[in-house]
Amino acid sequence: MPQFQIGSELTYDVRTSTIFLFQITAATTPHQQIVFENLLFDPCLTVETCQVGLEGNRLHRVVVEPCQLKIRYEATIELTPEVDRPTQVNEMIASQMPAEVLIYMNPSRYCESELLARFALEEFELIPPGFGRVQTICDWVYDHLEYTPGSTTPITTASDVLLQRTGVCRDYAHLAISLCRGLGIPARYVSGYAVNLQPPDFHGFMEAFLDGNWYLFDPTRLASTLGLVRIGTGRDAADVAFATLTGQAILLNKNVWANFSTDIPDLSLIAAVSIA
Amino acid sequence: MPQFQIGSELTYDVRTSTIFLFQITAATTPHQQIVFENLLFDPCLTVETCQVGLEGNRLHRVVVEPCQLKIRYEATIELTPEVDRPTQVNEMIASQMPAEVLIYMNPSRYCESELLARFALEEFELIPPGFGRVQTICDWVYDHLEYTPGSTTPITTASDVLLQRTGVCRDYAHLAISLCRGLGIPARYVSGYAVNLQPPDFHGFMEAFLDGNWYLFDPTRLASTLGLVRIGTGRDAADVAFATLTGQAILLNKNVWANFSTDIPDLSLIAAVSIA
Amino acid sequence: MPQFQIGSELTYDVRTSTIFLFQITAATTPHQQIVFENLLFDPCLTVETCQVGLEGNRLHRVVVEPCQLKIRYEATIELTPEVDRPTQVNEMIASQMPAEVLIYMNPSRYCESELLARFALEEFELIPPGFGRVQTICDWVYDHLEYTPGSTTPITTASDVLLQRTGVCRDYAHLAISLCRGLGIPARYVSGYAVNLQPPDFHGFMEAFLDGNWYLFDPTRLASTLGLVRIGTGRDAADVAFATLTGQAILLNKNVWANFSTDIPDLSLIAAVSIA
Amino acid sequence: MPQFQIGSELTYDVRTSTIFLFQITAATTPHQQIVFENLLFDPCLTVETCQVGLEGNRLHRVVVEPCQLKIRYEATIELTPEVDRPTQVNEMIASQMPAEVLIYMNPSRYCESELLARFALEEFELIPPGFGRVQTICDWVYDHLEYTPGSTTPITTASDVLLQRTGVCRDYAHLAISLCRGLGIPARYVSGYAVNLQPPDFHGFMEAFLDGNWYLFDPTRLASTLGLVRIGTGRDAADVAFATLTGQAILLNKNVWANFSTDIPDLSLIAAVSIA
């Protein structure tokens, strides 16, 4: 089984008493197991673990008095992804989708899918439905955007990105999600760790619901879908910020890493991958 | 106990095979019980009931071939609201809120709370926290908007409304929700039936999370918070559309009604009401 | 020489003392002459004629006390358009454009050309420059929008239209103007009368500056460029509203007409037409 | 007479053959005279001077082959401002305004005054008309925005600023202009040099048309209205960019300066100042 060594280290200058919600630890799913993990706060703090939202994202809540705060997370993760042939993964019609995925067809803060529905239909309606159509959407996003750090802000939405044609990983994911939803394909945002991401950072990618499974896509092509470890799942990036603060603190430093430790899979495989 | 007679009747001209998701039936909560209900489709159809989203909204899914479709819902609802003194209902700090409400501080499609946070702080930060502050926000919304049917569209957002200063019930609720979230108060959208609403229609209002409870507010002042029956709950109106269609159908007619049948409460009471 | 009979009649219910700026009379240019015109106000009013803006748009300013106001304009217009072969009309490079056209490359209220520049380049940069490239832009707009009265509002912009893919004549013109500017082609908005427009109304179209001339384009294809009579010219529709009011008045009725009276040109001609 | 020493120096790395439009030289008006000026290009270039737009902004157009380009402007300017008592400067009603100012009531790219009109009326309609009301608008802008370099981008508009409550000089001016127009007061954008501006840079401020004159306002309070030298005038910042490029060039360095050389006026004077 492929194992991954992942981790991150954040340092904050905390100026006033501040409530932090951290969302940096790996999720547990039928296909993603935590073999080992360690979450360390320096100084030592009372840490509360919260399960939040539909998918039970794991957040850590702490109240921190003025200090220099260091938080370090390390984990060994074992993935047992379901890997399918793309040509055998079909779309589902809305009358047969499980109820719990219906909400992922609704527009959300950064994925205004109802605004982009006509564009999505015009561009992709005639593409044969299935995994390949979502791949075509991701290819279109990759081909038409220029990956440009600093070109977008935390409030940039999918329609902004469709017009300006630049962005970073979250923007790529938001646009691909919106186009999927515009076609009636449930789609959602995933934050995570990505093996060999350059430069190293937290990553944002997406899942589309096809044939009863949530399949992974990374429209930036910065990582293999077999090298992605899930942190959290949401309607868009609004749900999976790595840190949410009430108070005042400055992020001084951020290090993120992700490596294979064993059993390196053949990343050249063109595959439909699900780890949900 | 106060009982309500509610109902609605929708008629569609269905042009092609169409999948409908209806969200028109009353919810069941510890404070809202369905004494009797009847949901009738004409022609007769196979109806699937779905529980959707965090709050388990009840949707009815049907596939309809071309025809004239009539759907009629009637119910008798008993409410046992928790009614508190406004002055005794406090805000909670983020470190003590239950995990399941945290998601209702995130921005959403029509409630761009992160855009309005500075405005919210500037206008309401110095108001004493608690039920009264949310009431002040709702009063501000009521005072600064003009209720104008037709002035907004399904894609109008809270920031649009803050600028243009007109809207209908959903716009009032979206703005009030956004301002609450901007202050760190969890807030969410509720669709429902409202007693004596003029003109009769489905209604949109909001809940804020205070002191461990979801309290009702209607910034339009078109209905008493003691005369509201919940259909569904969501981040904003995107989650609780009364009908979502995949296919082609024209709404020919819509009738909605809501009346007290017994035990009319004193609506003049200024009260903090919770039915969640 | 082709002559046109044009005119319009507007009726207002004036509620308070109101200042009107009307912009409904034909312009005079080297290629457009007024053979006869008559502007009638009922009741009789003191009318001030204003020349406004870079192109000397002709506005009529009146102060009206509460009454029912009727304004009627009739004119016979003679056009002597310059008609060129499309293939002989080239683009100009920015270093050779006359100074007075440079301002028509700036973004304006409803033509956010800087937002759409990357899209314009991606879609049209490889098209051979010249009249044909502007025609290609207009064809793209025609092909990708659906003419849908009521789908847009007075505040709809070109980027809104590019996303939602519906609009009316002003929206078509705004989008085509923005795409031209995005490629470095000066472009501007023209309001006017259009022969045989169905349904009859004021019309909005555009001009692009090519080879030393302003050439006409109507991306809606609702009128021949040889059947257009200019009222006013502006950066976008913000500059050429047919009526601007300070006060309170309700438009009760609007009739607009435009007919050829003599010398009907062959409208099937594919031609580059300039009347500026 | 007060004299000013102003100037700027720009250095570009020109990568491809590039057309530049520079707008950095002082304007000449009845109240602003150029005593001396020198505009130097290194390497030496053929420079074309263009008069652009309604107010005859002076632009310099050059075509530059790949090189390191330095452009240096120095001038001595004499101002003879009209200085009036604020209490004696009234607003004009729209029926009495000269035709040439009417266009400055239209919305423009970064000043969506029609969007903000209801807000403007709500907030400022009851303020007594005149210079004092425009001053109240500028005070409101100063009080409600936080001057934050980097918080806005070249596409930020007045309505963005009204929501997010941060910005730089151009954003302050755009918001004040929009609020004036929303009340029916013609208002326009001015780029210029400002004495003692910290940090030194080109500055953006505004003019409102009152009592037959264009009066200066600087809602940032970063400069005295008696220390402002006009470069160009426009509907908003879209019309007065200090450099517009067709091609590829990187700005390596920018120095801007402005000093009094003689006759320092009493800047503490609260005065209505016009230099148009």
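Read from first to last, the chains carry the letters A, B, C and D; within each, the first residue is number 1.
Simple rule for what comes next: a contact is a pair of C-beta atoms (placed from the backbone, for glycine too) under 8 Å apart; a residue touches a chain by one contact, two chains touch by 3 or more.
Note that the coordinates shown come from a computational prediction; the quantities given were computed from them, not determined experimentally.
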Labels of chains that are neighbours to chain A and to chain D: B, C
Computed distance of Cα centres, chain C from chain A, in Å: 47
Whole-Å gap separating chain B and chain C, where each centre is the average of the chain's CA atoms: 44
Chain C and chain D, separation of their C-alpha mean positions in angstrom: 30
Overlap residues in chain B, where contacts from two or more other chains coincide: 115
Chains grouped in pairs wherever the two touch, ordered by label: A-B, A-C, B-D, C-D
Parts of chain C lying in touch with chain D, wherever the complex brings them together: 19, 21, 48, 50-54, 59, 61, 63, 93-95, 99-100, 102-103, 106-109, 112, 114-115, 154-155, 184, 235, 238-239, 246
Residue numbers on chain D that touch chain B, as the complex places them: 115-116, 118-119, 122, 144, 159, 162-166
